[in-house]
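Below you'll find the structures, each written out as structure tokens.
First chain A sits with chain B, and in the next complex the same chain sits with chain C.
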Partner chain A sequence: MSAITRSLLKLRPLGGFQGLAGTQSARSAGNWNKDWKPGKYPVTPEERAAAARKYGLRPDEYEPYPDDGLGFGDYPKLPVVSAEARDPYRDWDHPEHRRDFGEPIHASADMYGLDRIDDTQKPRFSLNDQALSFFGVMAAFFAAYFYLNDNKMHWPVLPKQYPEEGKTHYTFEPAE
Partner chain B sequence: MAGGTANVDVVKERAAVRAAIKKEFQKQVTNPHRHGSAEGGVLFDPAVQRFMSMRATRYDHFKPTPRSSLIGIAMLAVPILGYGWWMKTSRENFEAKCRTGQVAYADREFKFA
Partner chain C sequence: MGNVVAQAIGDRSTTPDYKAEPTFDPLYGFSSGRKERVMVATPEEMESAKLPLKDRDYCAHKAIAYQACRQKVWPFVYQCAHEKHDYLNCQYDDYILRMKEHERERRLLERAKRKAAKAAREEEE
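Entry: the complex of A and B
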């Protein structure tokens, strides 16, 4: 990617096959994490500019995560835009991810995919509405249960009537 | 990319770079002489590779600070050890009550037969 942007920004013809595939043949040994992992947190302006260039960003829009022990080195802190929030009709290079080739990926991008959460847009119902609806309905169910649990109701019935008053009739219930 | 800027020149420059990268992508993806056999035919994307390598090497940038240590204790040590301690003590208490006769057999939740 840096090879592409470097050559494109200098408006040099890439020479077809050699432009991108030439670098591929040089990396025929495979891509190792030690070559592609983020460097350490950039401190000086020169390090920041080099890191911005490496990730294909302008120096004024490059911002690393703070180095507080839970950071990512010099990986940029990109504005998080969920995949669902992106234009579905634009001609993306990878339409299943709504992402272009070479676009730097957010550090939590797997969380913001099309099948995962999207909290980057304005929600259709505010969080207050959602909470109120849910707890209101659950409270109504619980209230109905607790009120009716001790007041079991049944049809109004009279004792069973047997023929011939005064005679003893036996039922066959087990003795309790 | 998202993030607003009112500077028209910056927007135009970004759009020009994006268009050039897109054009190069199309050229490479439709190149019949490109042998991407080592990568499964997929055009190598350095941004994806950097992301994957970053996720694999996050521990290199971890430093045990008070905040990070507190997060680790609260989210890992406390739930695991606390749950184990609670299970052990609650089971032991019930066992002691059964063995000393404080709980009748009829009141037990799980009977033997």
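Entry: the complex of A and C
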């Protein structure tokens, strides 16, 4: 214990333990869950400007979620652009997330990752086309099935003959 | 002939039902009659040999002989080649007979249709 105390005392000129924590906080802008929480809903224009600066946005593009009890405080309401819909060949700072450093993150960004849904890109085939293809193919198969159901192919043989009580089977040889 | 393509594109009304037994009199047209098929193996023998139901046909006695031979010489089952050949030949002949029955049924159906058409023609005149 004393060794730890002594090493901490030696760090005093650098600001001690507090000083170390301070440099960390300057780098990551937070130490603890509560430090990452958004602030209060901004009401005045000054508060809005401060919040916009905090999230790296221009005041005219900053728009918080409505304060109706389900909002996110001063967190900005950003347009949804799924990672899947972003240019895969651009030189992103974080290619695995297709995101640049310091870019504001959508409140539901975990839902729009590369391995999650993509609801911003225009699909190659519209939903109507997809439904038409699916039901068209299925209808064609069912039509063929029902049309040919009573017209089945078979080898030109009759059922196998099994000896049974009171039943006579014949060969094709004359009985003499 | 009653081959598969002819069934598919040909006349369906004279194609026999491949799941049903022949519908015409089996002795019709055989002036000197037909030899009856003889079942050699008895039900007791087949039960005793635990023969599967699907094998209890007119070749059952050969199936029993083949299986008995296999049991006797196991594992040198190649020694049962003659029994096996005998059994499979019997099954082959059985299949040929079924094909002949199919063709006979088809020709009789065609004949019945021809006769019905002729009767209808004569009635018109």
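Throughout what follows, the second predicted complex is superposed on the first by the 100 of 176 C-alpha atoms of A that agree within 3 Å, B and C clash if a C-alpha of one lies under 4 Å from a C-alpha of the other, contacts with A are read in each partner's own complex, and residues count from 1 in each chain.
By our rule, contacts are C-beta pairs under 8 Å (C-beta built on N, C-alpha and C of every residue); 3 or more make two chains touch, one makes a residue touch a chain.
Keep in mind that this is a model prediction, so the values were computed, not measured.
Colleague: Which partner does A:100 contact after superposing on A: first (chain B), second (chain C), both, neither?
Modeller: first
Colleague: Check whether A:151 is in contact with chain B, with chain C, with both or with neither, and answer first, second, both or neither.
Modeller: It touches chain C, and chain B stays clear.
Colleague: Would you check which partner chain A:31 touches, where first means chain B only, second means chain C only, and both and neither mean what they say?
Modeller: The first partner, chain B, only.
Colleague: Taking the superposition as given, does A:113 touch the first partner, chain B, the second, chain C, both, or neither?
Modeller: neither
Colleague: May I ask you to decide whether A:174 touches chain B, chain C, both, or neither, giving the answer as first, second, both or neither?
Modeller: second
Colleague: Comparing chain B against chain C, which has contacts with more of the residues in chain A?
Modeller: Greater contact footprint in residues on chain A: B.
Colleague: Determine where on chain A the residues touched by chain B overlap those touched by chain C, and list them.
Modeller: Chain A residues touching both partners: none found.
Colleague: Contact residues on chain C for chain A in the complex?
Modeller: For this pair, the touching residues of chain C are 1-4, 7-8, 12, 16, 18-22, 26-27, 30, 32-37, 39, 56-58, 94-95, 97-103, 105-106.
Colleague: Can you name the residues of chain A that touch chain B in the complex?
Modeller: Listed in rising order, the residues are 1-2, 4-5, 8-9, 14, 17, 19-21, 24, 27-28, 30-31, 33, 35-38, 40-41, 55-56, 58, 61, 67-73, 75, 78-79, 81, 93, 100-105, 107, 109.
Colleague: Quick check on the complex: what are the chain B residues that touch chain A?
Modeller: The contact residues of chain B facing chain A are 1-3, 10, 14, 17-18, 20-22, 24-25, 28, 31, 33-36, 38-39, 43-54, 56-58, 60-65, 67-68, 71.
Colleague: With touch defined as at the start, can you tell me which chain A residues reach chain C in the complex?
Modeller: Where chain A meets chain C, its residues are 151, 153-163, 168-176.
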